[in-house]
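Next come two complexes, and both contain chain A; in the first it sits with chain B, in the second with chain C.
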Partner chain A sequence: MLTVKDLNITFSRYYNSFSQTTLNPLHNIDLNLSAGEIVAIVGESGGGKSLLAHAILDILPTNAELKGTIQFREKLIDSNTIRQLRGREISLIPQSVSYLNPLIRVGKQVCRAARIGGLTKEEARMATDAAFTRFNLAPEVQSLFPFQLSGGMAQRILVAIATVAGASLIVADEPTTGLDPDRVTVFLDLLRMLADEGKAALLITHDLGAAQRVADRIAVFHGGTLVEVVKIADGSEVDNLVHPYSRALWEALPDNGFSTNGSSFSSHRHGNDEPLGCLFVKNCDRAEHRCRITYPDLVPAGNNMVRCLNA
Partner chain B sequence: MKNFLKYLATKPLRLSIIVVLVAILSFILVSFSPLDPITAYLGYDRLQISQEQEQVIIERWGLDKSPPERFIAWTKNILQGDFGTSVIFNDPVTLVIGKRFAASFWLMFFAWTLSGILGFVLGAIAGTWRDSIADRIIRFYAYTLASTPTFWVAMILLVFFGVKLGWFPICCAGPLGVAPEQVSFADRLYHLALPVLTLSLVGTAQIILHTREKMIDFFQSNHAIYAMSCGEARFGTALFHGLRNILLPAITLQFASLGELFSGSVLAEMVFSYPGLGKATVDAGIRGDVPLLLGIVIFSTIFVVTGNLLADLIYRWVDPRIQIGEATG
Partner chain C sequence: MLEAKNIHYTYPSSSEPVLKDISISIQPGQVVGLYGPSGKGKTTLARILAGYIVPNRGQILVNGESMPEKGYNPVQLLQQHSELAVNPRWKVKDILSESSPPNNKLTTALHIKESWLQRYPHELSGGEIQRICVARALGSETRYFIADETTSMLDAIAQVQIWKVLLAAVEKNKLGILAISHDHALLKQVCGTIYFFSENDGLCPEKIA
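And then the complex of A and B:
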């Protein structure tokens, strides 16, 4: 349903009046997503994962430059075609309630999403009511303002907005941030339910634990690109991660010993130059000389796709 | 709700403190000024009265008392609604202000409404389609007008529309030779046109620039990005989401600008010889009519302060976060 090929995003930023610097927060991203599937993009916060969501919906800031292609149902997404797709076919579940308009009652906002998703006034009203029932929200909630919602309610409102017009691809950008474990479970079940109905979902999260509970595939994101893509069998945990960064992420989970070596792994690529060497090399205990001079490609290693020379 | 009651109790108190301070300050300034009430009252006749007659007036008016005593006497009278008698109009000050304000009110009301609506719409358009041709034209207009003095705009309009084209009357609130009470409604509007236009043209500039800035900010907010990701076009985002969010600060600004409107109307009324409160202020100042001057100062303070209070109340009424937040929390 969604195919991302060799996606690159660069930002130009002026650091004084004469010189500018370019940041390359996202590069060499290849990804595909089919109906009924949940793919999780997992990586640390602040790494630039959200840019992928913004790129798909074409809501990047104006100083961002995008290279590569994004296709939705074999059709290229560009600034023209995306207009017909937003809300109708592709929808976004944002991080928090703060994305809702604070001055409009939530029922009206859901209804508005249905209207711009192509429904008539009457249909939109019915779809709104149906969405509230479906996501277990009392009808009275419709007349509340966003600031009156609890975290869980807000979450379901955002899901309602994303699905009310029948979008078939749902991009969820850090949807579980700040929710307690029960709410996270509720949300993940909801996402699974939507996927089982035939929708595709892209779950962008820093929470590997949550991702492995619900996703069909996990793509580990580091240094602006995907370093490992792994399939997960139903209900099982990922224990076959290969890339050193993925392993570190996995070992940092509470259930797996909570171990970190105390350092932040974040690293960004500057400029448009081809990277020299692996971006994880500084933190990697298996780094060799060739890791410093050769940029690894994403290659099959066992059942996974891994971007590591030692895989 | 409790908060609101507390607000209702304290806000007027704070505002009345402002009025009292303004009254004290302006009284001090006037008592140090070289204005001589007797000269202002008598004019050239002053030369013809005797020393004894002058002494009678001085005692009658209490001019022999110290300024603090006079201030207390003045305050006592004001609290009973007596602002004294205007020397140049020979009427009670309250009556003069009332009459003059009625004329100024319509001038300010039309100018205020027109500049508010026009400024808001133009500013919203400019901000929504930032850097478009429309935005550039609107911005050019706003920057030009924002740096133009009111009296100069008034003179240009007067010269062009009044004198050159002859479309509008060049002065006053009604045709010459017609008693103010007999001027028809249509004639009143006709005479109001140029002063209103002057004040609106100047007044829109600020609100355009402010609204444009707010709209640009809004389009960079999470709300706008999210709305657009839901499929809203730029126009729809502005209309359904943006206007609501930028209306509140615009309303506040518009009410807070009542002071500028007041001072603007003084200049416009002078240029057009429009018999409103602004012109009365200048006359009172030039001809040394102390009771009228002080009365106008106090009245205009109350006017501006009430405007700010209204802005505050409307803000609370319109913004659900304040209203419901207080009701429930």
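And then the complex of A and C:
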């Protein structure tokens, strides 16, 4: 459904009045997503995960330059076609419930999303009612304002808004941050239900535990690129991570040892530099001389795709 | 010892009390965890302990005395949304030295980079601002540290790095920490005592196996 090929994003930034420098926060991204599939993107905070979502929705800041292609159902996404797709075919579940309009009753907000998604007035009303039933919200809730909802209800409203017009690709950007475990479970179950109905979902999160509970594949981000893509069999734990960064991320989880070996920080690549060496090399205990001079490609290793020369 | 004694609090806009007769104490060098569902007053308790809110009834004592009204507050609160706790018009280096001149060892341990110092908060990511806030709150006069979902927006590796710095301060300076989180696995890793915040019974201590 979604195919991202060789995506690169560069930012130009002035460091004094006359000189410009470029940053390359996202590079060499290849990813595809088919109907019925949830792909989780996990990795460093500030490592470019949200930028990927913003690139898909074409809401990058104006000083960003994008190279490579993003295709949705074999059609290239650019600033013209995205207008037709955004809100209809592709929708976003935002990070926080503060994205609801505080002054409009929630039923009306869901209905408005349906209208923007191209439904007629009558259809939108019916779709809204159906969405409320489906997400287990009483009809009376429609006439409440966001501040009258509990956090869990507000989150179901956000999911309703994103799906009411029948979007087939859902991008969820850190939807579970700061929620208590019960609400996280409810949210993940909703996402799974939507995927089982044939929608595709991109779940951006730093919660590896949540990711492995619902996702079909996990893509690990580090230093602005994908370092590993793992398939997850039903109900099994991710224990077969190969890339040293993904392993470090796994071992840092409170349940798996809470350990860290030195720093995990990658520096963003600068646009003018040729890719030289692996970006994880400074923190890697298996680094060899060739890791410093050769930039690794994402290659198959066992069941995973890994960007490591030692894989 | 940081003590909260029989705290009652009702928000002015509401008739229902959020906190009813809550007492908790944190010894120097102790890490206490607080766990419980959202919207039940965990953050309100954190703000009361740090002196941001005055409770309707009950008192907060720092080493047996009431909180100083002027000067450095020995109880430092690290808020959940750190990007709202910094002045957007200040450069990072000014934010960092707001409480006391930054300690080089600390900034290195938190992986704060030299290049961030000349930037404004909106040019850093949430996780990077969080590190700045931790460094700012760990001034030499800080005795107690209230960590309200401090690492919930960070990846697992950054979470470990920040907690290592905090636990080192517990060890070395006998800092007392109250850690509020939804992540039970994290609390089990870092806390000696964990309380469950329940609506009806207030704070219940939880046994750690």
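Definition applied: the second predicted complex is superposed on the first by the 303 of 311 C-alpha atoms of A that agree within 3 Å, B and C clash if a C-alpha of one lies under 4 Å from a C-alpha of the other, contacts with A are read in each partner's own complex, and residues count from 1 in each chain.
Here, contacts are C-beta pairs under 8 Å (C-beta built on N, C-alpha and C of every residue); 3 or more make two chains touch, one makes a residue touch a chain.
Just so it is clear, the structure is predicted and the values come from calculations on it, not from any experiment.
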Which of chain B and chain C A:Phe132 touches, first, second, both or neither: neither
Chain B versus chain C as contact partner of A:Phe187, first or second or both or neither: neither
Partner chain in contact with A:Leu92 - chain B first, chain C second, else both or neither: first
Contacts of A:Ser45 with chain B and chain C, given as first, second, both or neither: second
Touching partner for A:Ile161 - first (chain B), second (chain C), both, neither: first
Which of chain B and chain C A:Phe11 touches, first, second, both or neither: neither
Sites on chain A touched by chain B in the complex: 57, 59, 83, 86-88, 91-92, 94, 98-104, 112-113, 116-117, 145, 147-148, 161, 165
Of all residues in chain C, those that touch chain A in their complex: 36-39, 80, 111, 124-128, 149, 152-161, 163-164, 182-186, 188-189
Contact set on chain B toward chain A in their complex: 222-223, 225-233, 236, 240-241, 244-245, 319-321, 324-325, 328
Chain A - residues contacting chain C, complex: 42-47, 150-151, 174, 177-183, 206, 208, 248-250, 252-255, 258-260, 263-265
